[in-house]
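Going in written order, the chains are labelled A, B, C and D, and every chain counts its residues from 1.
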Amino acid sequence: MTGWNREEIAARAALDIPDGAYVNLGIGQPERVADLMPAGREIILHSENGILGMGASPAPGETDMELINAGKKPVTLVPGGAFFHHADSFAMIRGGHIDVCILGAFEVTCSGDIANWSSGGNAAPAVGGAMDLVAGAREVRVIMSHQTASGRPKLVEALTLPATGLGVVKRIYTELAVLDPARGGFRLVELAPGVDLPMLERATGASILAG
Amino acid sequence: MTGWNREEIAARAALDIPDGAYVNLGIGQPERVADLMPAGREIILHSENGILGMGASPAPGETDMELINAGKKPVTLVPGGAFFHHADSFAMIRGGHIDVCILGAFEVTCSGDIANWSSGGNAAPAVGGAMDLVAGAREVRVIMSHQTASGRPKLVEALTLPATGLGVVKRIYTELAVLDPARGGFRLVELAPGVDLPMLERATGASILAG
Amino acid sequence: MIDKRFRRALDALHDVPDGATILVSGFGEAGNPTELIHALIEQGARDLTVVNNNAGNGEIGLALLLKEQRVRKIVCSFPRGSHSHVFDELYRAGRIELELVPQGTLAERIRAAGAGIPAFYTPTGVGTEIARGKETRSFGGRDYLLETALSADFALIKAERADRWGNLLYNKAARNFAPVMAAAAKVTIVQARHVLEPGDLDPETIVTPSIFVDRIVHVPDPVRESDHLAALDKARPA
Amino acid sequence: MIDKRFRRALDALHDVPDGATILVSGFGEAGNPTELIHALIEQGARDLTVVNNNAGNGEIGLALLLKEQRVRKIVCSFPRGSHSHVFDELYRAGRIELELVPQGTLAERIRAAGAGIPAFYTPTGVGTEIARGKETRSFGGRDYLLETALSADFALIKAERADRWGNLLYNKAARNFAPVMAAAAKVTIVQARHVLEPGDLDPETIVTPSIFVDRIVHVPDPVRESDHLAALDKARPA
């Protein structure tokens, strides 16, 4: 087996979250992070739809469709959690109160630009809270697949899709590696098991800066 | 006895408030209106410091200094009342949700201009919520004494003091009369007992439009 | 006496004219005033502008209103969904106008309308297609966009508990847009699971004070959108 | 583990530098963090800018901070009061700077700072001395003033109940400015009558979520300003 599976990527991203952090989880892959919190830390999860202290997925049969996450899937609330309205929720985001946000992405560049709201074409665009998050969170991280289904790199030198934000992404988690956008390329932080540097370079649309 | 006393003025102002109205009471004379609500009506009083459903003054010995009105005096809360923070309180005011506000004033003109925040001189000015109220309430009314302590008219043609708002006052209650600012003078709505028109005209710094 | 209760949803919606702008609460399935929207379908108003975070799911509530072609324009942040086929088809066919607004800007524009703020600056969307045609201005060395208040003729919202005066409490994440929408419309209509008397709600815990609410309809057992979607999935040809 | 509790107020205030801008909650007597202010006096920071609705009463709390000449400038809406003699004298002597802000504009400027809004337009103060030097702009045929966010280094606020994470509830009209101030400062310090564990407060009723709070000091029996003022009045020469 080569690389991390989806659960392992989310767990790897979770591992980087410090004790006491307030963390927003975006739609899609990042949602899994809520189920993979490292033991021994108090990390407070924020969901854009008005939840602080979001917990893991509920046990089967205990779902409540009025307690859902940004991806509209049922979640739970931890002791110490709170509910609030949308303007207050985005005051937290826009006001710089979120320590870390973890987003999904269509493309990320080595300058930290991110595209995740419009895939072009005639399908309806859907921005959600992503532009607020990249403008307001203190640190923006991304969980994404390394390439498209058809094998095109998603870590690139320049966006081909409409930008969500420019120069904002600080770290990327994929099935192949953990990488940081850096001047002129992506700096390698960690390779997934069974992945070597040439393999990573072939799958990436920009230089890999190793070491 | 000539004219209304302070209690009677406040009661007269209260009488004009329709059933179901949301009413803000300003500092000073208007505070008394809370104690003089006409029977048989549900009128909801707003206090700028975060109260909707403000009630009358508390019985002696039942004061709570964390339940006070805009003038910092102890009040009560009626069933159906609610507490909220200052930004929400002024959202109610600025957002046009208050049906009637009743303010005190240093001067009001027959054009509806009002001055009630700065008496000039070297005393510190104090605007409070008055400018928000005149900008946001659907109808602005004033309870005031007709003249200064030294006998100068306070109902005038043009302000001599810094304005709180221009063209906003719709009705004035004094110890002598109820008056509406109108083009070219104050339109007489009602004379207090024992007051006649010449008396009112002598005490007023602008024309009285009778009938 | 203040009594904002209406016996039937249809009566509470009697005066919605063609061309009205309507704020609709809800995020995903949580907080959708489905029964009020169904009454609006019955009522007949058309050529509507609807503001909601999403663009409807399945063929119920907002999606059904869209399917009945009663909506000229939708203002939302995230129209895509696993069950947004009604919107998707109308959009692809060019039969509905979409104003896409970042979610925080959407919430803040509605909040501004309720608070008497005609416009504000926000960092959200600077340097993106969302900034197109908008004023950009620098404060303290950072660029911001000017965004304007988003007010409406009506708001349709869902609450957990209401009293006769219109004080409201919500349930969990079903709160979402309802409190800001309640304040931003000329007429705010609420469907509430429980309707009580003034004094029954703790004044420290009221989320929407009565001043923002105009009409209340008691809907004790609202439809569950998830049941509808599950049935829809089951009926779908394999 | 998240534990924002400090055993002593003085420790919670250890890093307030000279020249700091400090938001102080309270309206009249309700919600004043008197014990935190007294700790600030002991701590020694000077040349402060203080934001509060009023300018202190008697010779306690904010009035005492003023009396000790630790405040260079005060930003408030209503400095006058029946017991504001400390401020009155400093002001008349030209020994304190006053920035007078309409109360709703004050609340909204603080709220904007916490919400990442650098500036907004408001109808309040148009055509008055308050408008002097401010941009006026028309929206929909009405004039508005541009007002900017009012942020701070520290906020000192008083709450009724706090949990270890920093979730807060208030008591009645003592809530006033505290929720918006908590969000607008780099460091928010709370004095709370009761300090509990996460989960002890109902998540539907929390007014200030923990994300806005940095430090908590347990002050179970705060001083009552009205007792102080009554004693002051009694001692005053006839």
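A few remarks follow.
The definition used in the following text is that contacts are C-beta pairs under 8 Å (C-beta built on N, C-alpha and C of every residue); 3 or more make two chains touch, one makes a residue touch a chain.
Please read these numbers as outputs of a predicted model, since none were measured by experiment.
A comparison of the A-C and B-C interfaces places the larger number of contacting C-beta pairs at A-C. Separating the centre of subunit A from that of subunit C, both taken as means of CA atoms, is a distance of 28 Å.
Per-chain CA centroids place subunit A at a distance of 37 Å from subunit D. Subunit B has its Cα centroid 55 Å from the Cα centroid of subunit A.
For subunit C, the set of residues that touch two or more other chains comprises 108, 111, 115-117, 122-123, 170-172, 204.
Residue positions of subunit A touching 2 or more other chains, listed in rising order: 77, 83-84, 87, 90, 93-94, 135-136. Chain-to-chain contact here is organised irregularly, matching neither a line nor a ring nor a star, and falling short of all pairs touching. Here the touching chains pair up as A-C, A-D, B-C, B-D, C-D.
Across the interface of their complex, subunit C is touched by residues 19-20, 22, 42, 44, 46, 52-53, 77-84, 87-88, 90-98, 135-136 of subunit B. Residues of subunit C that touch subunit D in their complex: 108, 112, 115-123, 139-140, 142, 144, 148, 169-172, 202, 204-205. Residue ranges on subunit A touching subunit C, taken from their complex, read 47-51, 64-68, 72, 77, 83-87, 89-90, 93-94, 118, 122-132, 135-136, 162-166. Residues 27-31, 53, 55, 77-81, 87-88, 91-92, 98, 100-108, 110-111, 122-130, 170-180, 207, 224-226 of subunit C touch subunit A in their complex. For subunit D in complex with subunit A, the touching residues are 1-2, 111, 113-117, 163-165, 167, 183, 197-199, 201, 203-204, 206, 209-212.
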